[in-house]
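Notes follow the structure.
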């Protein structure tokens, strides 16, 4: 391909590319706003307390054991 | 294969399958009882104390260090 | 290959192998000494304090949170 | 504006087929069930997402060169992923309750009637025009009654790969529905008095027994059912790693990082088989119906077996325990516990139900081996 | 002494080619930058090490049977490794700031001008004798402006595998240089008053919004840009796993062990493409120059877009935020924060900059999809 | 009853060959040694289990389509698994003691005489009818004397795959036996006075030295022994990741999850090579005998070298340190410490023994490289 044609192609790509990027992300703006309208805020009080304790393994017992041992060891080292 | 034959096959499979499942798991009952007879109970006092400390990495030093730092940070945050 | 020839080969391998191992590791001795000459000691004060805090995730907040929870739980269990 | 034309031609909008849209909705439904309803989310979330990705027009996920193609080809076609999951499950399984009371194995055996009755039922369905299940298909469908995801995927990948998607979805969905499917059946087959039966406390089990148990299982499987050894073998390896106490770092990796990584991939790969061609057929409806039958029959036969055993046993046996024989660990055992508590708020059956529960895992792996041996050739 | 002769013949000393020596020095330089200068060490250390290994005479690392050959072949040629990294990055990304202020997506869009301007620039370079970039090459080079490592590697592996090494090195190097490249451009395009603009506080975002956002992104991508679905899809899968809250163990594995394992391999595999033949050419110099242009143009167009938006917006918009649109998460957002603090020590922009920052990730994945669709065929 | 017949034909009972039974017993023995005796359980447990699985009649584990087949094919035949293990070992190795006292490298060199003497011994065994070792076989066997599992597996997979099972088993077994094999040899070659020699305290080593050391090792290997670069390179990569301090998350993954996953697979794959055909031969007995010789000679030559060095050194050198030169990290160093403490309860040699211990790892990787270069072609 001669370079002039390549440049034309590249220019077109630049144009089309930026247009599509902007169109796409603008659509996403609207989608997000729509989303927030229907899904936003309402269930906050319900989820907030649920979250911190929801973890499948909040603090498993053996971790507590390990940490208690470690804390113990740490205290001993401090002396 | 005509469906009557398929049904016969399926019925046979059902019969053979359930028989084998039961025979197999019954054998396993006996095997487990045998096992318990020879391997059960006796070594309990010996293993129980061994287990909690057996870990290859009970509480490695760097964990202790990390935790001591974390505890420190936590105490600071509490104030 | 007749066994005598194999034995000769094996003997040669033994000789060449041991020579090369010694030469190589001797070179490494010199390289290490050179290394220590140029890179040893000087930056100790500078790195020592840097090391404990250098970690990308020295003690991330959620770990602190988990540990604080665990410590809390541990203290409760102690009572 | 040739570029824009090319771009339009490369959009999904210009290429969507109705089947793909429906399959995406199926994928979305699975995501909804996983996230909002908590249906086995660890599997159904990646499966649902995989289904969406697999049905993107021009997405190319399932064609050679696509990421889902590679994952399926490497992990499922070889059988490696379900086996690794099974190893991890083995490393998470505690056989103590079963070793303490090995008779519970009979409950795990009885519940497998759900599998074999379903096999027969699948062939019966052929009487309805539109259904045309081979013995292989019927076997792969029937294993849904095993209530064990990796076993179902492993068997389906060997016997009926084109049904794999529907089978896996049915298996995991019904496993999630165990708390809804089982209680009515359990209550219909038992009286309130029977449900209140208290069990004797289980003895403690020595470490040596726990180490030797997986080896004994493997040994018997080798002798009598080599076709089941891939599943049982990897399961026993995981369990041995857990119990032996000398390879804790391997056991922990098998239970955590390795099984997590494989679960993500396995789910995506299963999802990639949810294509319109295979899934949107009357056969899928048949599979869903048969799956429900399988769980119901398995539950019922477990409970009935427990009642029979109770008659002949010197020690009391609560018939509810039979329902745990379908496996679906630990959900079925929890259901037993819950239904038991409804009858008697002081009767905790959970530990006792773990015995038949893990027996059910072995039972369905054995059943899978039988099916592989008899119709797999 | 035939043995010693064989041994000598098998030493590197007897076989070194000058190109290999230079490439090893390049590898050493990357190690230096990674370790001593802290340039994206997670990637540049394995890349640098891989470059050294790949250039060992008679080492055979990149020939069939060599370990780097297998890693490249399995992980990069299939595209699997960059996609898994992207899944992990998705699982680490928090879209809250963007959902709270979705207009920031425009900044992520504007910054992609860095990509397309560089594409044009790469073709322009063909005017200089010695350069001979095809549209594919130019596209792969341009994606450096996306400031996103896995996206760059994924695209380069599809469009211009022989430039992969140089492109990946340039991408990661410039990402590390963001704190040096961006501030002068940001300051040149803004007045001190503009840099002091305070933003309104962001509202909190509900969990449901965070769950639905990745699905919305995926949905739009499916509709309009299926070529971007491998990247966007895996990213959204990771993000969904993180936000849905029901598969925490999968999400944590994706963010930690899985991404770490893949990062080691990805780095080594990229390093294995740093061979003298491909790398020691004037084209590499061109790529490095174009990469700098890409980052600069992206930063500038982001800032300019932010200024334009500020004019039309009812709420104040600090133009510095535009610079975060290039992605390079979270470095670019931190740079914005830092430059903002220089103007006003009480104005913390970090949280606000996270919006355009993650928008930039989406923007460059979209741009990659466009390039794949238009020049990838 | 055709079904039952088919089922019987598909049982192992109807198909067992005596060789398979014996190999299963060997597998069981390995499990016993691993679990009950604590012989290198991380490797010997999966190896033993793999051996059992591989010898199941009709199990099909090692045939195309079987899970062990895939694991071996992907991980060992390519050399990838041993190299990843080596990377992880590198990330766990601390060279401080060696950098502080580099002369200890000579002990690591001397102990490799165990390898080369064994090579000669293996060829000598050919004088006995029934033995027919090629130079390749002899080299692969000799590397047992390197007391380094992944090195042995890597070399055996390249030079003598059919002996891989026996070699790996011998290597790991003797490594576990180091506390039994070494002390008598150490005591026979030293006087109680020599064993009481106190060493000077080691200086602290700077981080910069620790970072540059693996690079120096790699550099020399590249120059003089490219054939050793796969092993040494991956080892140095791991060590560099550990020491550089900027990629801690990669280093930790390499030391933990990655090496654990690979260890499970490597063990199973090695076990899959324990088939009757290859293993139940007089050659295996020869390998076991030669392995013991290798460890013994290596220990002895290390101790003798230490005594020679002690004569010429201005600073005192405890000859026991030589025994640590065989590697078997950290077991051999511990043995040195223990034997030292028996002679003088206040003389702790552990830290000093770590120097020759890690030197032994380098030494055997170098030896492996030499063998690959000279007989690998």
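Letters are used for the chains, namely A, B, C, D, E and F, taken in the order the chains are written, and counting of residues starts over at 1 for each.
Everything below uses one rule, namely that a residue touches a chain if its C-beta (ideal position, glycine included) is under 8 Å from a C-beta of that chain, and two chains touch if they have at least 3 such contacts.
The chain lineup, named per UniProt: A, B, C = Probable oxaloacetate decarboxylase gamma chain; D, E, F = Oxaloacetate decarboxylase beta chain.
Please read these numbers as outputs of a predicted model, since none were measured by experiment.
**Q** Stepping chain to touching chain, what's the minimum from chain A to chain E?
**A** 1
**Q** Select the chain at the greatest separation from chain F, using centres from the mean of Cα atoms.
**A** So the farthest one, by centre of C-alpha atoms, is A.
**Q** Per the centroid of Cα atoms for each chain, what is the distance between chain A and chain F, given in Å?
**A** Roughly 45 Å separates the two chain centres.
**Q** Find the geometric centre of each of chain A and chain C from their Cα atoms only, then give the gap between the two centres in Å, rounded to an integer.
**A** Between these chains, centre-to-centre, one finds 36 Å.
**Q** At which residue positions does chain A touch at least two other chains?
**A** 13, 16, 20, 67, 71, in rising order.
**Q** On chain F, where are the residues touching two or more other chains?
**A** In chain F, the residues touching two or more other chains are 3, 7, 224-225, 246, 249, 257, 370, 374.
**Q** In the complex, go through chain C and note every residue touching chain F.
**A** 3, 6-7, 9-11, 13-14, 16-18, 20-22, 24-29, 31-33, 35-36, 39-44, 47, 51, 54-57
**Q** Hey, which residues of chain D end up touching chain B in the complex?
**A** That would be residues 98-99, 102-103, 105-106, 108-110, 112-113, 115-117, 119-120, 122-124, 126-127, 135, 138-139, 204-209, 212-213, 216-217, 219-220, 224-225, 245, 248-249, 359, 362-363, 366-367, 370-371, 374-375 of chain D.
**Q** Where on chain E does chain F make contact in their complex?
**A** Answer in residue numbers: 3, 6-7, 10-13, 15, 24, 28, 31, 34-35, 38, 41-42, 45-46, 49, 52-53, 56-61, 65-67, 70-71, 256-257, 260-261, 263-264, 268.
**Q** Which positions of chain D touch chain F when the two form their complex?
**A** Against chain F, chain D makes touches at 78-80, 83, 211, 215, 218, 222-227, 229-230, 233-234, 237, 240-241, 244-247, 249-250, 252-254, 257-258, 370, 373-374.
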